[in-house]
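Given below, in the form of structure tokens, are the structures.
One chain, chain A, links the two complexes that follow: it is found with chain B in the first and with chain C in the second.
Moving on, here comes the complex of A and B:
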């Protein structure tokens, strides 16, 4: 019971503060609408299908971007982690490219690809790629030397070494990277939808701002928060399941 | 003991001074007047209307030279929503911005009053070079980039209507200015509607200008208002009057043809090339473009924008223009400056009545 209640303490306090702020008029209603108004806007948006339509579009962008970004990231990260030479060749350039924030990519990508979904997928994929590469290569490189040596002493085949030793040992770090990728994907999604989209949850929020209806903006924030949390805990669950195979006490 | 007595007296004296001084200032004039305008350009943005002229030439500051009041100008890059937010957060006393966003602000409960017209902005349509689009009529079935919920969006819908088209005949893509340039260059859209910001693309051969409101349709020309926070106007009627007088003086200065070059130089601080300004105002007397009057034409255009906002579902509540406009300041300023007949009053269709004398 307490374990369920504890995470709710802060949100409830914030909600209370919000309600008091709105009721006392500390901020103008145009700046911070009352919780009740946001709730009724949220219900309206759900009822007329606006949230569902936009969320469907945004989720597709997230999933495609995440799939492309993380699979490329895993592949590249594995190469960089396993091979020192690959790391010497490609490490610095990947590092340099990853320093450019997603926002910086938008103008040039629009020039090349126009306004199609390609731009959104690429921006999100890039945002997912970076943490995945870093986490994967680091996860592999940080495997204690002793494990590998034990494998060698036991005369394990390359394949066995990879599936039974390297992957399980690097998995926690890699999963950390993928979870970070997911949260990066949301950031990139909102950026790209705010700049160059005409639909999606991010666009809905920009539109809410344009219409000076902050209730729509806050409703969008709530939707993103809830979906993001659900996806992250889904990933955490997958991670736990995969780590069940890990031998205990290693 | 003596020091303590002196200290007490000093404290009392300073309290009296502070109190009386503060009370005087609070009733008469604010310490600072904050004016916002739509900004353009990189680095420190600057404006390109009457307000920017009033700022650069110090017309408003001159009205307060016998007072301690400081005048502060802020230019919000390309954006009406940010001005609405600044007004809501009590960061601005006056603001000059487009009719669509300030109607949105008013409809959402922002307590502003319209003081004067901010003048007009020419709106252009450009079509991708090489496409068979030569006029607004040819836009049927095409993809058009425009920033929605702006005066340009309103102008676009108006121009379609005037050419027998409706919104359903075209596909609108909501993009900000810079993205519009990228989109038409990449060929993602067939045409764009906007202010003069895209004219440089014409010289690069990327697009052709197919429509110009100044030449073809004054009723689709962009416009907006200089507004004041209602609470400010109620608290400082005299200061409000002085600000409006400064604005009217700036308009009068702009109206003189000999100042045209200098005005372009001032607006050029936004980084807009001189050639673009010259094209934009080609054949447009600045006197006509930047009149401050709240006349029948201004009122009927505002009513049209309010109807547009409702039709496009940009606002949920209706806006009563009569309760919103407060023309007494601009009329008083015109009278004081003997400029009552300087600008011709236009009827609802935009036709100027002959000045009475």
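Moving on, here comes the complex of A and C:
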């Protein structure tokens, strides 16, 4: 009971402060509309399908970008993790490229592709690629030698070594990378939609701001927060399932 | 009469003038010097010696995890090359894969075998029963006690039906009661399977209780100081005079007089 209530303490406090601020008129309604107004705006946006349409577009961008970025990341990370040589050749360059924030790529990509969907896919794919590559190669490199030796002594075939040793041993690290990828993707998506889009949740917020409708902006923030949280806890659930062999409550 | 026993092959191991150095700080560190040891089929040989005298290194050479040494290691007259299923090893830590159940861990040793699945399943079951883990097939390693995990590791090494079984301080980390119990179990398994065993231990009592011969090593670099035949019939009485005499001889050799 208390375990459920604890995470709610802060949001409730913020909500309270927000309500008081609005009610006392400490900030003008143009700057900070009352919670009730935001809620009714949110309901309106949901009812007239505005949120559904934009969310659908945003989610498609996320899914396409995530699919491209993580699959390339898994592939490249596996190569770098398995082969020392590959790591020597490509490790540093991937590291250098990953130092450039995803959004640093936006201007040049817009110059090349215009406001095309390609730009969004590429930015999100890049945001997902980096953490996935790093986690995958690190997860594989960090597999204890002790286990590798067991595989050698037992004469495991290549395929069995992959499915019964490498993948399960590296999975927790890789999964951490994918969760980070998702949260990076979410950030990249919203910003890229604010900078270079005509649809999507991020665009909806920019549009709200140009209309001086802060309630729309805040409604957008709420949608982003809720969906982000839902996706992350979904992944956390999958992760727990895959790691059910681990000791509980340690 | 288990099915396992019927097929257990026999092996003669010859370790001929084996020397081994590691490179530490770009300087060679001699670890083993002129090791010579012949082990007969079905024999139980223990190796005792101060820690750091190269016992684990010697087992790693025999199991084929390290080919960088001088001299020869022959199995049935053939030079060993890399790991092979006719040689099994139990490391000091159990090294079970934590993400696999007991039976899946043990079944790893049968990977790629072309026998029918029900035969493989039976071999896994037989080996689980052999080490007394029936009922724990579906348990994960973290759910086992230290002694049970070590028994599962022994089953994993036996499922390949090795001709020779290498044990690296397999009971070293266990409490004395579990240890005494597993020593009896090891004796039973060895007698039942008639597998050739080379066991590293730091427990002289354990070595005398189990072995046909005890190899005493001295350190820096690791050499064989003496090989003491035990020559007592099983089951051995720890309180007996002969037991104490053999033990005393080994301890004297160990302390280097």
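To be clear about the criterion, the second predicted complex is superposed on the first by the 243 of 250 C-alpha atoms of A that agree within 3 Å, B and C clash if a C-alpha of one lies under 4 Å from a C-alpha of the other, contacts with A are read in each partner's own complex, and residues count from 1 in each chain.
Quick note on the criterion: contacts are C-beta pairs under 8 Å (C-beta built on N, C-alpha and C of every residue); 3 or more make two chains touch, one makes a residue touch a chain.
The structure displayed is predicted, hence computed values, not measured ones.
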{"item": "Fit or clash - chain C, chain B, common chain A", "value": "fit"}
{"item": "Chain B versus chain C as contact partner of A:222, first or second or both or neither", "value": "neither"}
{"item": "Partner chain(s) touched by A:180 [first = chain B, second = chain C, both, neither]", "value": "neither"}
{"item": "Touching partner for A:31 - first (chain B), second (chain C), both, neither", "value": "first"}
{"item": "Per-residue touch tally on chain A - higher for chain B or for chain C", "value": "B"}
{"item": "Which of chain B and chain C A:196 touches, first, second, both or neither", "value": "first"}
{"item": "Partner chain in contact with A:149 - chain B first, chain C second, else both or neither", "value": "second"}
{"item": "Which of chain B and chain C A:113 touches, first, second, both or neither", "value": "first"}
{"item": "Lowest C-alpha to C-alpha distance for chain C against chain B (Å)", "value": "51"}
{"item": "Of all residues in chain C, those that touch chain A in their complex", "value": "63-65, 82-85, 87-89, 91, 93, 95, 97-101, 104, 108-109, 111-112, 140, 142-143, 156, 160"}
{"item": "Complex interface listing, chain A residues touching chain B", "value": "27-31, 107, 110-116, 195-196, 198, 203, 207, 209-213"}
{"item": "Contact set on chain B toward chain A in their complex", "value": "81, 84-85, 88-90, 101, 104-105, 108-110, 148-149, 173-176, 178-179, 182-183, 185-189, 314-316"}
{"item": "Residues of chain A that touch chain C when the two form their complex", "value": "146-147, 149-150, 152-157, 160, 164-165, 168-169, 245-247"}
